[in-house]
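Order as written gives the chain letters A, B, C and D; numbering starts at 1 within each chain.
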Amino acid sequence: MKVKVKFFAILRERAGAAEATKEIREGSTVAELWELLQRDYPRLAPVRMRLLYAVNQDYVNADYALKEGDEVVFVPPVSGG
Amino acid sequence: MKVKVKFFAILRERAGAAEATKEIREGSTVAELWELLQRDYPRLAPVRMRLLYAVNQDYVNADYALKEGDEVVFVPPVSGG
Amino acid sequence: MFRVTRNAIDLQELVAFVTDPEAGAIVTFIGTTRNNNEGRKVIALDYEAYPEMAEKELKRLGEEAGKRWRIQRMAIVHRIGPVQITEPSVIIAVSAAHRADAFEACRFAIEEIKKSVPIWKKEVFEGGEVWIGTQSGQPLNRY
Amino acid sequence: MFRVTRNAIDLQELVAFVTDPEAGAIVTFIGTTRNNNEGRKVIALDYEAYPEMAEKELKRLGEEAGKRWRIQRMAIVHRIGPVQITEPSVIIAVSAAHRADAFEACRFAIEEIKKSVPIWKKEVFEGGEVWIGTQSGQPLNRY
């Protein structure tokens, strides 16, 4: 199945891309998707920071099981305001 | 000696005047002036509220000894804001 | 800027006054006339001040705030005369490097105004009018 | 009104939005770009957002504030893109019948924005630039 990934801020810069579509196996979790992306975008790997995970504009846990067409965002530490 | 009195808000309405000049004996205190004024303006007497005292635009105590030309204000409970 | 005025208060003017390159935060408080108070239907508030002393006290409390918190600039303007529903009677603006100082100094300013600055409001409501703050029935006595 | 925008934020628009005949207090918070941070001379801040989710999170925190305090209306607008020294990056406006609620809800909103709303700032300073908040060296981990 396919999911859509959006990269923002430091992750966008490190990935060198704002968006990606990724083919993953049914039932993959958000954490597993992150592992796969680190292989596709090696510069994401050394990013040692606390990430939050959002699916379809809501925060989810790392073990959230993805579904076809989900929009996934790995959220670096926010710093608005 | 003479002092100037200004009345504001509820005291202005009860005195029926915004200002008065009052002849008092040397060394009179603010509290003594208030007693005298209650005779001049009987409608001030039943004003049962906490008053503060100001002389020349600074708060003073009731036993403050007045001087010639002082500007005295009896300050009803403030309610700005 | 510590001022008592008969005119409408210009929020932008106060914010411009406190804007400062060293500031990361500006907090403003706007006191507005509410359409009800203690069950009464309010028509307007009518403010009176001892203006020279009110401005002096506003300045004094601004200096006190500057001692207690790390703030950049402060402005307070209080309107006198009639103030209609939704209109501002007082605006306070405070800038600071950090938001906590701006919030706390702004809160301090409005609390102090209500305690010590010689300004009085008369509430004009349906069926009458009353000077606010004088209804306590307390005997004559220094605070 | 919960909005992310590339344009300058209009304080008056937010204050007009929260103005309410039932309100006696309006508190606003304006976050501005400060000319220095941690010893660096700041040139500008450059904000990026996940806009759909940021607006959703702003709305959510406004609803949460409405559960915790008695407020009338709230507006939050966050700017994205470059924000120069002294310019606002975020404005929050809250109206309430009583000032304590307006102050506390406004303070809550800015604290929550800094915790949970997907907006990021890059600091452009003399000699470089850095994404703020990512320098903790913490391992990958859910909060």
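The rule we apply is simple: contacts are C-beta pairs under 8 Å (C-beta built on N, C-alpha and C of every residue); 3 or more make two chains touch, one makes a residue touch a chain.
Keep in mind it's a predicted model, so treat the numbers as computed, not measured.
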*Chain located farthest away, centre of subunit C as origin (C-alpha)*: A
_Quick check: how many Å separate the C-alpha centres of subunit C and subunit D?_
25
*In angstrom, rounded to a whole number, how far apart do the mean CA points of subunit A and subunit B lie?*
73
*Could you give the separation in Å between the centres of subunit A and subunit C, each centre being the mean of its C-alpha atoms?*
49
*Could you say which residues in subunit D touch two or more other chains, in rising order?*
31, 110
*Scan subunit B for residues touching two or more other chains and write them down.*
none
*asked:* If every chain is a node and each touching pair gets an edge, what shape is that graph: line, ring, star, complete or other?
replied: line
_Set of all touching chain pairs, with the criterion as stated earlier_ = A-D, B-C, C-D
_If we count contacts the way the header does, which residues on subunit B are in touch with subunit C in the complex?_
6, 8-10, 12, 34, 47-54, 57-59, 61-62, 73, 75-81
*Can you list the residues on subunit C that touch subunit B in the complex?*
31, 47-50, 52-54, 56, 78, 89-90, 110, 113-122, 131-134, 136-143
*Which subunit D residues qualify as touching subunit C in the complex?*
11-12, 15, 19-36, 85-86, 95, 97, 99, 102-103, 106-107, 110
